[in-house]
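Data first, discussion second: the structure below is written as structure tokens.
Going in written order, the chains are labelled A, B, C, D, E and F, and every chain counts its residues from 1.
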């Protein structure tokens, strides 16, 4: 019925579901970030390691690597989404 | 349990992205995927989904068979009493 | 004592333990399936990727890969089991 | 949630150790790291932290942008009513 | 906690299967493991268990030593008061 | 106030936090041990596998591998710690 207040139990259930979703979303982002870091380190860090700092070339390699990584995320996401429908 | 499924599919999503990036993206001299890289990623992803479906089918068969054998053995053990 | 009913608390504990076991079993199967898929994709998917569909050769490669994977599961399981006794 | 952060950073610590060991430790004929190996590990670790910072920056930008776009689209949809 | 142990050993089981498959199974022209592959898998698995035992021993020693040092330092700090 | 007893709720919270910390520490050790085992197996197990037992050479390789692994743990820990301050 419109205007009616949800019970406290309902509110708690909604809050718990929201927290669970937020946690899963966060875990997903952390794991995505970790794969990006590992992949772009593999691709862009010059070996043998001469210094700890990043050179200009390494920095722009990382920027391009990240940009391409997002594009792959988008393509794969589209294809997986298409299949699920 | 549903939560577990969501998590598993996000994990699979991430690992598929990582795999297809590694297999398809070759040069880091441009900010945008080349046409060739883009096509490779799409095919890599499709192929992987087909492999998943086929292996999943065999997987299902195997577990079904194993459970049937276990049931038969249980029945045989009961009959032998 | 035979015929006696277990208390509600006991029933709940048994149900919780069964759920935990079922969850662990499911996680194990999911992770086994994931390794099989990744390994058989590595072995059987023809590179460079010419099309998304599987060829006849790829399909039978996958079937054999899965069959051999189960055999490795069995051998390793037997050896790990033997060691635990 | 805080617990999750501790766990993630320990996981990252472990994977960084594994990576730098694999990339830097070459021979197993001595019990102590050689000077060269030690330097390589230190640089590997520093470099990785810099890569993490840079990728993290791009990552943050990307999600901020995505959320802005989503907000604009929502506003446009509201305006179109 | 016991639950965690079961999960860890299943994870180890899975990773051992994957490792020995990758190291030992070579050709995909037959449905059954060849004798050579089978022997390789068995030895791979045994060897891995021995490596686990040996590394585990060194691991234990290391942590025991670290805890003793921590205890001594704590005692020394107390004594210095 | 000194000498005052903490309430039961406070004691429970402290116990729960300690258990969480111990679990995290344990998980960390298990995962560290697993990486050490995998890495040292890769480095030290002679291929092709001729027998399941470890040879004298393999055993000492593992001991050195473990010793070096600890040193890497220490260096990385120091650098990560320095950065966090």
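We take it that a residue touches a chain if its C-beta (ideal position, glycine included) is under 8 Å from a C-beta of that chain, and two chains touch if they have at least 3 such contacts.
Each chain and its UniProt protein: A, C, F = Mitochondrial import inner membrane translocase subunit.
Nothing here was measured: the structure is a model prediction, and the numbers come from that model.
Visitor: State the chain with the largest centre-to-centre distance from chain C, centres being mean CA positions.
Guide: Comparing chain centres, D lies farthest from chain C.
Visitor: Measure off the straight-line distance from the CA centroid of chain A to the CA centroid of chain D, and report it in whole Å.
Guide: Chain centroid spacing, chain A to chain D, equals 12 Å.
Visitor: Quick one: chain A and chain C, Cα centre-to-centre, how many Å?
Guide: A distance of 27 Å separates the two centres.
Visitor: Measuring centre to centre with CA averages, how many angstrom lie between chain C and chain D?
Guide: 31
Visitor: Quick one: which residues in chain B touch 2 or more of the other chains?
Guide: Answer for chain B, listing residues that touch two or more other chains: 15, 24, 42, 45-46.
Visitor: For chain A, jot down the residues that touch at least 2 other chains.
Guide: Answer for chain A, listing residues that touch two or more other chains: 27, 32, 44, 63, 65, 67.
Visitor: Could you tell me which shape the graph of touching chains takes: line, ring, star, complete or other?
Guide: Shape of the chain contacts: a ring, since each chain touches exactly two and the loop closes.
Visitor: Going round the ring from chain A toward chain B, what is the chain order?
Guide: Order round the ring from chain A, first step to chain B: A, B, C, E, F, D.
Visitor: Looking at the complex, which residues from chain A come into contact with chain B?
Guide: Going by the criterion above, the answer is residues 20, 24, 27-28, 31-32, 35, 39, 43-44, 61, 63-65, 67-69, 71-73, 75-77, 79-80, 83.
Visitor: Quick one: which bits of chain C touch chain B in the complex? Just the residue numbers, please.
Guide: Interface residues on chain C, with respect to chain B: 23, 26-27, 29-30, 33-34, 36-38, 40-41, 44-45, 47-54, 59, 62-63, 65-67, 70.
Visitor: Quick check: in the complex, which residue numbers of chain D touch chain F?
Guide: Its residues touching chain F are 3, 6-7, 10-11, 13-18, 20-22, 24-25, 28-33, 37-38, 41-42, 45-46, 49.
Visitor: Chain A touches which residues of chain D in the complex?
Guide: Within the complex, chain D contacts chain A at residues 1, 4, 8, 12, 15, 19, 23-24, 40, 42-48, 50-52, 54-56, 58-59, 62-63.
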